[in-house]
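One chain, subunit A, links the two complexes that follow: it is found with subunit B in the first and with subunit C in the second.
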Partner chain A sequence: MKVAVIGGGVAGLSAAYFLAKSGVDVKVFEQKYLLYGASGRNSGGLTLQFNNEPLIRLAKRTLELYDSIQSEVGFNFLLRKDGYVKIASERDEAKLKEEVEFQRRNGVNVELVEPEFVRVLFPDINTSAFSVASYFADGGVVFPWPVVWGLAKGCRELGVEVYDYTPANVELKGNELIVKANGESYKVDYVINAAGAWSNEISKQVGVELGNKVYKEEICVTESLKPYVDPYVMDISTGVYFSQSMRGEIVGGILGSETTTLETKASLDFLTSYAKRITELVPKLRGMAILRQWAGLYDVGRNGMPVIGETKVKGFIQLNGFGRHGMSLALAAGEGVAELIMKGRSSIIEPFKP
Partner chain B sequence: MVKIEHGRLQEHPIVDFKRGKEVTIYFNGQPIKAYEGETVAAALYAAGVRVFSRSFRWHRPRGFFCAIGKCSACMMEVDGIPNVRTCKVYVRDGMQVRTQSGLPDAEKDVFSIFDDVIDRVFPHGSHYSKFTTSKKARDFMVKRMRKFTGFGNPPRAVFQGKAEVEEIETDVLVVGGGPGGMSAAINAGKYGAKVLLVDENPFLGGQLIKQTHRFFGSAKERAGTRGIRIAGILEEELNNIENIEVRKETRVFGIYNGEAGAYQRLNDDEGKLLRIRAKKIVVATGAYERTLIFENNDLPGVYGAGGVQTLMNVYGIKPGNTGLIVGSGNVGLILTYQLMQAGVNVAAIVEAMPRIGGYFVHAAKVRRLGVPIYVRHTILKAIGRKSVEGAVIAKLDDRWQPIPGTEKEIKCDFICVAVGLSPTHELLYQAGCEMKFVPELGGIVPLRSKFNETSVKGLYVAGDVAGIEEATAAIMEGRIVGIHAAVTLGYGGEEAKKELEEAVREIEEFRSGPFGERIVNGLKKCTLESEVVS
Partner chain C sequence: MKDRKVVCRCEDLTEEEIIHAIELGYDDLESLKRFTGATTGPCQGKGCLMHVIRILSQKTGKSVDEIGVTTQRQPVNPVPLYILAAKKGDEE
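The block that comes next holds the complex of A and B.
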């Protein structure tokens, strides 16, 4: 059996890794360098705080897989489970409460907490800048780069060809799936469309309308400080979030918004809006210098859900639409797709079928 | 001839150092005498402080290096705010300054033993690959590692400065007030364009400020004038044109689709964000110094020529007692006699090429002062634990390899690397200009039209950032881009168009001599399709 994966992000590499573990002949194509996509540009927040059951299941499994894959591949993803905190202003209090109740019913150990509780976790937070929070102790932060490097290492050690700087296109000839890349044509049994923000275009090539929305999200880091911010903090009312990287930079951004152009230019508007809110939340960050800013693109599937499974074109599999949560979801999704190919079905990804 | 007091030059044959009021700052709790108008780093240096920080991983000592806010070696905690570049902040009475890395402080750092062992135990990249198989070991490692990372202290105080936003509209924004930028502003402004010129320094002049020598170069009226004077002349011209606004201590940090973001420092407690919408933007950010690769090249006391010039000629602080100069180009030679002028010994000049790089007149002057010049030699290593105590040099063979047995130890307490400059191109990359590595022009430079417009429409370059040349060329390029920006905005009419042609002709003539050959060859490699003025 031959499988081609289009997209060298966390989704594509995870599928390739699990297929290779079952002995399948896999090739991964990445148009630019590994880390070019959202997987190399994100903030690495990991949580189970979702508001529907299939997503929670996918995220739970992904958290488990982070542990096992690091051990199998022998690579440290620098994952810290120091908690994931969602904070909200008064107007979003009801929404957050409802979410917490739902999550607790579904076996997620989250708690609704007072601002004072958050201050104990992170003393510099300004408790008057929000009115309520939800705390998930087993959430945390992973450094996305070693995730991608580690998965690629695992793939290569299992014999997977991971081609970087190799854009790929798919062609449907009768019933045959042909992948064109490197100036060559590869006849394959399965194509996995894990092209992130570019997935719509790949899908179109075989005549499947995907309709994922593309979002652009901006983010920045400050100069490095000795680590003192442990949890990942997400303000659901303004979309501003932050955490501290292993190198000590305060990494923070604002949730993305829909875009029509596939460009990743950083903006001054982002910097000013971010600076304004982050210094309300953490006044002591006021004198800090910002070192870098950048932007990334991700795709959001129908109703905000990922799209995972085989399409009406036999052998053409979607593995995209992860939106703002690919780091929390994609490992299990990749494992599910491998299971689907090997066994014909996979219950964990069933709810996301195209 | 030159009096020195507290590490500061008191009398200098050319520069007259006007010092401000005496103040006291506290360094790791110890009082230190300083003068208003001095940067924190300069004052600490004058007081004999050599270790300013420790490197991130190996805890190697880091000292005053670039003096212009570009290298981060001088970052300290100032009044509770971490990661402040002390070479860019001015002293204030009672200021509390602390080193951030190292236990108990950067000078006495006990973690400096890492420098000897860490590479054996944890070679680079090993934090991803060691202790990975057991989850327990991994989690433990991540927790431990996190204790050792990070550079600055967590902030202890809320920065009290006011922060405002000002929106500005202008025809032409000029970034950088060196000769290139000043000339661009003058030439766009004189035809009526509304110009805003910004420079991150509290003074205009760029590199010229440090050039106390008489200038070489062929600009008719200016050769023979001291660099400092040329800066003054340009600034006067600038101030005489009403529609040019100048903002000092204003650093442009990004160019976003025709809008520039800048931070203007107003005083110790106030600053503002400028959002500048400009129809044309001229980037004239100059260049910074290259360094060389040799053992211990990061030791405090290894400097770029510019860093030493800044210390000595801008702040009047003695860089050390005896220097070794690496590189015999004009910069190395000029620096040598500037040092001697200030009463500092120069042990030797080493030069890898078989002959001296700079002009004969400069070399002759240096020789007369008794400084040996070793051609076909290079520096092998710097000696010292916390700062430079000497250097080892050696002779090179025909394949540029050091010849064993020719090593010679030189006693010196600072080393000055003067091996050329590279364009300060970050803003251009960030703005999206097409860039190319052109060795003849000193590094990575933008593609440009013959009017120095880059591939981003309306974005121009002038001076060293377009290719390392000299002040005369920077002034000439500034003239071209200034007029071109004005003309394309509808200012100046026929007269301006004529002057533009003349300006292009003049620079071509200037570069037609033997010294211009390299530049002309370099320019051929980065020319965008030429553009016609309509």
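The block that comes next holds the complex of A and C.
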């Protein structure tokens, strides 16, 4: 059996890794360098604080897989489970409360807490800048780069060809799937469309309408500080979030918005909005300098859910639409797709079928 | 500690470490700078980018043109948050 994966982000590499573990002949095509996509540009926040049960299940399994994969491939993902905190202003109190109740009913160990509780976790937070919070103790932050490198290393050691700087196209000839890349044609049994923000285009090549929305999100880092912010903090009322990387930088951004162009220009507008809110939330950061800023693109599937599973074109599999949560979801999704190919079905990805 | 050729002062990286990363397969400029941290320190590569490109060119046989220059990430000089915060929305 031959499988081609289009896209060398966390989703595509995860599927490739699990297929290779089952002995499948897999090739991964990445149009630029590994880390070019959202998987190389994100803030690494990991949580189970979702609004529906299938997402919670996927996220729970993904958290487990981080632990097992990093030891299997011998790569330190710099994963810290120091908690994921959602904070909210008064107008979003009811929403957050409802979310917490739903999550608790679904077995997620999340708590609704007062600002004072957050201050114990992170003493420099300004408790008057928000009115309530939701705390998930087992969430945290992963550094996305070693995740991608580690998966790529694991893949290569299992015999997967990971081609970087190699854009690929798919062609449907009769009912044969042909992948064109490197000036060559590869006839394959399955194509996995894990092209992130570019997935719509790949899908169109075989005549399948996907209709994912593309979002652009901006993010930046400050100079390094000694480690002192433990949890990942997400302000659901303004979309501003931050955490501290292992290098000590404060990594922060603002939740993305829909875009029609696939460009990743960084803006001054973003920096000023971010600076305004972050200095309200953490006044002590006022004197810190911004060192770098950048933007990334991700795709959001229908109803905000990922799209995972085989399409009407036999052998053409979607593995995309992860939106703002690919780091929390994609490892289990990749494992599920491998199971689908090997066994014909996978219950964990069933709710996301195209 | 003899012969310790520092390439990137900000991140304290030697020529040997850069070469080791290239040999592990991080052999394009984008991957190399992310894997080693070279060019990502406070000076943002002003002091080391050309050295890194030279080493990469010597190890891979690619020309400096083929290797290309990595995207310059704004801001060019670090700007403190309070200055950015003051720039906007005083009317709010």
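Heads up, the rule we're going with is that the second predicted complex is superposed on the first by the 354 of 354 C-alpha atoms of A that agree within 3 Å, B and C clash if a C-alpha of one lies under 4 Å from a C-alpha of the other, contacts with A are read in each partner's own complex, and residues count from 1 in each chain.
As a working rule, contacts are C-beta pairs under 8 Å (C-beta built on N, C-alpha and C of every residue); 3 or more make two chains touch, one makes a residue touch a chain.
Keep in mind that this is a model prediction, so the values were computed, not measured.
Q: Considering only the touch criterion stated at the top, classify A:Gly150 as touching first (subunit B), second (subunit C), both, or neither.
A: first
Q: Check whether A:Lys95 is in contact with subunit B, with subunit C, with both or with neither, and answer first, second, both or neither.
A: Neither partner.
Q: Taking the superposition on A as described, I'd like to know which of subunit B and subunit C A:Gly287 touches: first, second, both or neither.
A: A:Gly287: touches subunit B and subunit C.
Q: So in the superposed three-chain picture, is A:Leu225 touching just subunit B, just subunit C, both, or none of them (first/second/both/neither)?
A: first
Q: With both complexes overlaid on chain A, does A:Lys187 touch subunit B (first), subunit C (second), both or neither?
A: After superposition on chain A, A:Lys187 lies in contact with neither partner.
Q: Answer with first, second, both or neither: which of subunit B and subunit C does A:Asn76 touch in the superposed model?
A: In the superposition, A:Asn76 contacts subunit B only.
Q: Touch test for A:Asp67: subunit B only (first), subunit C only (second), both, or neither?
A: Touch partner of A:Asp67: subunit B, not subunit C.
Q: Considering only the touch criterion stated at the top, classify A:Lys204 as touching first (subunit B), second (subunit C), both, or neither.
A: neither
Q: Is A:Met246 touching anything from subunit B or subunit C once the two structures are fitted on A? First, second, both or neither.
A: In the superposition, A:Met246 contacts subunit B only.
Q: Output the subunit A positions appearing in both contact lists, the one against subunit B and the one against subunit C.
A: Correct list for subunit A: 149, 223, 247, 266, 268, 271-272, 285-289, 293.
Q: Flag every residue of subunit A that touches subunit C in the complex, lowest number first.
A: 32-36, 40, 145, 149, 164-165, 222-223, 247, 266, 268, 271-276, 278-279, 285-294
Q: Which subunit A residues qualify as touching subunit B in the complex?
A: Residue positions touching the partner: 67, 70-71, 73-76, 78-80, 124, 146, 149-150, 223-228, 246-248, 265-268, 271-272, 283-289, 293.
Q: In their complex, what parts of subunit B are in touch with subunit A?
A: 56, 75, 81-84, 127-135, 138, 141-143, 145-147, 149-159, 161, 163, 165, 254, 256-257, 259, 261, 273, 275, 432
Q: Which bits of subunit C are touching subunit A when the two form their complex?
A: Touching subunit A: residues 28, 30-31, 34-35, 37, 40, 42, 44, 73-75, 78-85, 87-89 of subunit C.
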